[in-house]
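Take a look at the structures listed below.
Paired with subunit B in one complex and with subunit C in the other, subunit A is shared by the two complexes that follow.
Coming up: the complex of A and B.
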C-alpha cells in the first residue's frame, strides 16, 4: 500500500484523533440507538424501565393485520414510486437534453419541488385532491372523466400519496438522468444519428450507457420510498382506517400510544427490510457496472 | 424563416412548457391564491383570483398569531440549520481529510460505516432514550447533534470525493514549512475544499430546514417549535382557516426559494454528485 511507504512525519499530519469529534456524535446519536433498537424491541418498554419479553413484539407485529398492512404498503409504495420515477424521468431527461430552447427554465421548474418542505406539499395536494370541489376533480369533471375520492377511498389513498411523492421527487431523478446522458460521449450519438430514429438513440445509446444513472435513481428512490413518513402523515395519517399506513407511520402511532417496545420492533423490521432489499440491489448494480 | 417553419421549430417548446407548467406551477399558484383570500373563500379550495386580495394582511396575521409563534419558529429553525450545518462541515471535512489521505484499513472501515449510515433508517425511540440519558431531550442542542449524526455520511462522502482532487504535495509543502496538522487542515485544506463546502452547506441546510420528523420526535413542546412544525400544528389550530395555513406555507417556502435562486447549480451538482458516486 502506498500509505505505508510514506514517511512518518507526513502520516502524522493525518492524526486519527481527527475522527474523534465525528465518531463521538455519530456513535452516540446514530450507532448506539441503532444497537439499542435490537435490544429494546425484545422488551416491554416505558423509556424508564424495560421488561424482557423475548420475541413477543415481533409476534404481535406478524399477527396484527394493521401492522402487516403497514409492512405491505411500505413495499408497494417503494416499488411504485421508484418505478414511476424511472419511467417518467428518463424520457423527461431526454427531452431536457435535446435542442429545446426552454430546457434551462423547464429543468428549474421541475427541480424546485425537491426543495419545498414535504409537509407544505402534502397540505397543498390534500386540498387539490379534495373530492367535491378540489381543483383536480373539477378539471376531471369538466372533461367528463370520473372524479375519484383520492384520499378518502381506502383502495386509492396509498397510490394518491405515491403520485404526490413522484411529483415532488421527479426533479432529482431527472437531474441524475440528465447528468448520466450528458456524460455519454457524443460519438455514440453521432453513430446513432446515422440510424435515424429517436427510438434508436434511446434503445441503443441512452438505455445501456445511462445504466448507472438508472441504478442510482432506482436505489435512491427505493430507499426513500421505504423510509417515507412526512407525506403520508400530512396527507392521510395512514388513513382511511389503516389503508395507507406504512412502517414509519406505524412506528409513530405506536410511539404516540406509548407502546415503545412495539414501536422499536417496527423500526427493526424496517431496518431488516431496507437491508435485505437494498444490499443485494447494490451488489447487483455494482457487478453490472463492472461488466459494463 | 417561414411561419410554418417557425411553428414547427417551437411546437415542442410550447407543448413542453404547457404540460410541465401546468403540472408543476399550478400547485404553487394555488398556494399563492389561497393565501391571498379571505377565510370563507379559501375554504372553497377554488382555483380563482381572490375577490378580495388580502395576501399581506394574511401574512401579517400568521406572523403575529399566538404571541408571534411564527417568528420564534423561524428563529429556532435558523439556529437549528446554522448550528447543524457548521458542525457537519467541520466534523465531516476532518473525517474525509484523514480518510482520503491515509487510505488505510481504518479508512475503508470508516467508509463502509458512512455508506451504511446513508442507507439505514434511524431508530427514533432509542434516539429519544439516548437524548434523555445525556440530558438533551427537547433541547435545540440535542436536535442539532442528531441532525449532524444523520447528515454526516452524505457530507463525508462528498468531501472525500473532492479531497481526491487536492494533491497531497500541497499538504507536504505546508508540513515542510512546519505547519501542525490543525494548521494544515484549517489554512490549507479547508480553503481548497470551498466548492465542496458550498455544496454541503446548500444541500444539508435545505434538508435540515425542511426536516419534519426530527423536530416531531426530538423537540416537542411549544417553546421549541420549528418552521415545519408550525404548519403541522396550524392544521389543527386553524382547522378551517385555510387562508392562514397557506400563508404559512408561503412564509416557510421563502428560504428554499432564495436558496434555489442563488444556488441552483450547486444544489443540482451536489445532489447528483452524491448520488452518482454513492
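Coming up: the complex of A and C.
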C-alpha cells in the first residue's frame, strides 16, 4: 500500500499512553489467552494439571482420519457457501438497485434471515428437512419429486447445512453488493446505456467496478465458512457419524470429551489455517484493487 | 456454679440444634433430562421434603450423552456444580477426577446399605463417592412380543437365530431392528451389550484392555459388536429415517409394533410405561445373542449414582449427606418404586421389587437369578472412548466398516487412557 504516510502522521498526534486502555483490554482478553492457548496445545491438560507432551496433540490431530475428514469438510463448506453467496446475491443486488417499485420491501425481506438467531434457523430447518413428515419433503412428494433424506443421508448432510447457511447469509452479501453498485458513478451507467445492452452494463460496469464488494463478500463468507459452528451443531452435530463434521465441531467434541489439550491444538490449527488461506487472499485482492 | 454452667451449655446445644433444624436449606439437584431420571429424582426429593419441611430440593436438568458429560465436567472444574448431582457410575465417573472434585463418602454409615458389588463402580483411590440411585439395568434387545407371537418366533439364543428371526420379520413387511441415530448415544448398544459374550469368549478381557494388552480391532469377539452394526445396515434391518429418528420417537415405534427389536437398556421401559401404559406389557427383553447357545446371558448396567461436589459445604453438605443416606435406604427405594416402574433390581440391601414388575424386567431378572449375567465393560474398566457413539453411527449408516470402526475406537480408547493418566499407555 502506498498510502503508508497518512496513518503515521495520525499516530504522532496522540501520546502513547492514550493507547494504554485499548492495549490493556487487547492484551488481557486477546494476546494473553492466545499465548496460553499455544502453550496448552502442547500439553495433556485436565483443567487441574497439564503435562507437557510436545507436539503430540498436533501429530494426533493430523493423523486421525476423522479429524482430517473434518478439515476437508470445512473447505468444501467454505467454498460452497462463499461461492453460492456471490453467485446468488450479485444478481439480487442488481435487481434491488434497479427501478423496481417494491424495492424497499424486497430488500427488507431478503435481509430478514440475517436477523434471526442462527440456532433458531438451525432448529427450524432441521424439522423442515425431516425426511418423512418435514414440510420440504411433503411438498416435494406432492409434486411427485424424489424425497431425499436431507440430514440423514451421509452424502447429503453437509450440503444441506451449507444451503441453509447460504439462505441465511445472502442478506448481508446482497447489502454489500448494493452498496458496491450504488457507489459506482452514474456516468458509467450512462455510457453503458449508449451501448444499449444489459450484458454490457453487467460485464463492463458492475462486475469490475463492484469488485471491492465482491472481494469483501468472498472474504467474509469464506472466513465465516471456515469457522462455522452453530448451524452444523444445531442441525446435524457433525453427523450422521462424521459425515458433516467440520473443524469447529471436531474441536468442540474433543473439548466435550475432556481432551482439552487436543481441543486447544485444534483451535491453533484453525487459527493457522485461516491465516494461511485468508492472508494471501487478502493480499491478492488488495493488489487487484490497486491495479484498478 | 458448675451446674449453672452445664445448664447453660445444654441450653446452647439445644438452641443451636433447634436452630439448625429450622434453618431453611435449599439444595439443587442436577439430573439428566430423560423422563426416568427426572421422575426418580423428583420422587426422592418429594419423599425427603415431606419428612424434612425445612429442606427444599429443586431439580435442574441437563442434556444426556457427551453434551451432558461436558456440562458436568465443566461445572465441576469451574466450581459451579449444583449441591448434589446425578451421574453415571463406572468409567464415566472416573473421567470426572472424583478424588479431586467430589466428597468422599466412605466414612458415612449409609455405605453399609449399599450392595457391595456396586461400590467399585463409584470408587477411586480407595474412596467412595456415590450412592446408587434407581435400579440396575439390562443391556440387550427389547422386542415386541406381539410380533413374535404373530409370526410364531421364539427368543433367539444365538446370533444366527437372531438373523433368521430378522429375515422372517422383514419378510412380513416390518423393519426388524430399530435404530435411533438421531440420539447418537443409542447407537452403542450392539457393541456395549455384547460384553457378556466377549467375556465368555475371552475371559478377563476387561483387565487386559485396561492394561493396553487387548484391542477391539484384534480381538474377534470384541470386534463382533461392530460387525453386527455393519450387518444391520447392509441387511436393511433398520426402519426408514433411522439416521435422524430420536430415542423417544423410536420408543413409540416399538410400543406400537412398527418395529420388532430395539437394542437398548431396560431403563427405556419406564419411559414406555409412562407414555404407553397399555403397550408396555407387550415389550419383552432378551440378552444380545452371541455365538454359543449354551453360553447365553445378559450384560448388566449398574445404576447411576448421586454425588456431592466438594464445593458443597456447611449446612448444605450436612443436608446433602442426609439426603444421600435417604437415597441409600429402603424408604428411598420405596419412594422411587411408587413413582417409576422399576427397570431391574435395586442395589440397596433389604430392598425388594414389587410383584407387579413389567414383563421385560421379569425377563431380565431371570438372567440375573440364574447367574447368567455380567457387568458391562464400562463398570469393569475406567476407560471408555468418548467417540464410540459417533463411530457406531458411522458404521450403522454404512460409512465405515466394522474393522475401520474398531481400529478407530482403539485410538479413541488410547486417547482416553492417556488423558486419565493410566499406567501402560504412554
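Simple rule for what comes next: the second predicted complex is superposed on the first by the 274 of 292 C-alpha atoms of A that agree within 3 Å, B and C clash if a C-alpha of one lies under 4 Å from a C-alpha of the other, contacts with A are read in each partner's own complex, and residues count from 1 in each chain.
Throughout what follows, contacts are C-beta pairs under 8 Å (C-beta built on N, C-alpha and C of every residue); 3 or more make two chains touch, one makes a residue touch a chain.
Here the structure is a predicted model, which means the values were calculated and not measured.
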First (subunit B), second (subunit C), both or neither touched by A:269: neither
Which superposed partner A:131 touches (first subunit B, second subunit C, both, neither): second
Subunit B versus subunit C as contact partner of A:47, first or second or both or neither: both
Subunit B versus subunit C as contact partner of A:65, first or second or both or neither: second
Touching partner for A:153 - first (subunit B), second (subunit C), both, neither: second
Touching partner for A:256 - first (subunit B), second (subunit C), both, neither: second
Of subunit B and subunit C, the chain that contacts the larger number of subunit A residues: B
Touched partner set for A:237, first subunit B, second subunit C, both or neither: second
Those residues of subunit A which subunit B touches in one complex and subunit C touches in the other: 47, 130, 255
Sites on subunit B touched by subunit A in the complex: 10, 12-13, 16-17, 20-21, 23-27, 30-31, 34, 44-47, 87, 90-92, 94-95, 97-98, 101-104, 106, 110, 113, 117, 119-132, 134, 145-146, 148-150, 152, 156, 168, 171-172, 175, 181, 184-185, 206, 209-210, 212-213, 216-217, 227-228, 231-232, 235, 242, 245-246, 249, 252-253, 256-257, 259-260, 264, 267-268, 271-272, 275-276, 278
Complex contact set, residues of subunit A against subunit C: 44, 46-48, 51, 60, 64-66, 130-132, 149, 151-154, 237-243, 253, 255-259, 262
Of all residues in subunit A, those that touch subunit B in their complex: 1-4, 9-16, 18-19, 21-22, 25-26, 28-30, 32-34, 36-37, 40, 47, 95, 98, 100-102, 105-106, 108-121, 123-125, 127-128, 130, 133-135, 138, 167, 172, 175-176, 178-180, 212-213, 216, 220, 223, 226-227, 229-230, 233-234, 248, 251-252, 255, 260, 263-264, 267-268, 270-271, 274-275, 278
Subunit C to subunit A touching residues, read off their complex: 66-67, 69-70, 73, 77, 95, 97, 100, 181, 184, 240-244, 386-387, 390-391, 393-395, 397-400, 408, 411, 415-416, 418-419, 421
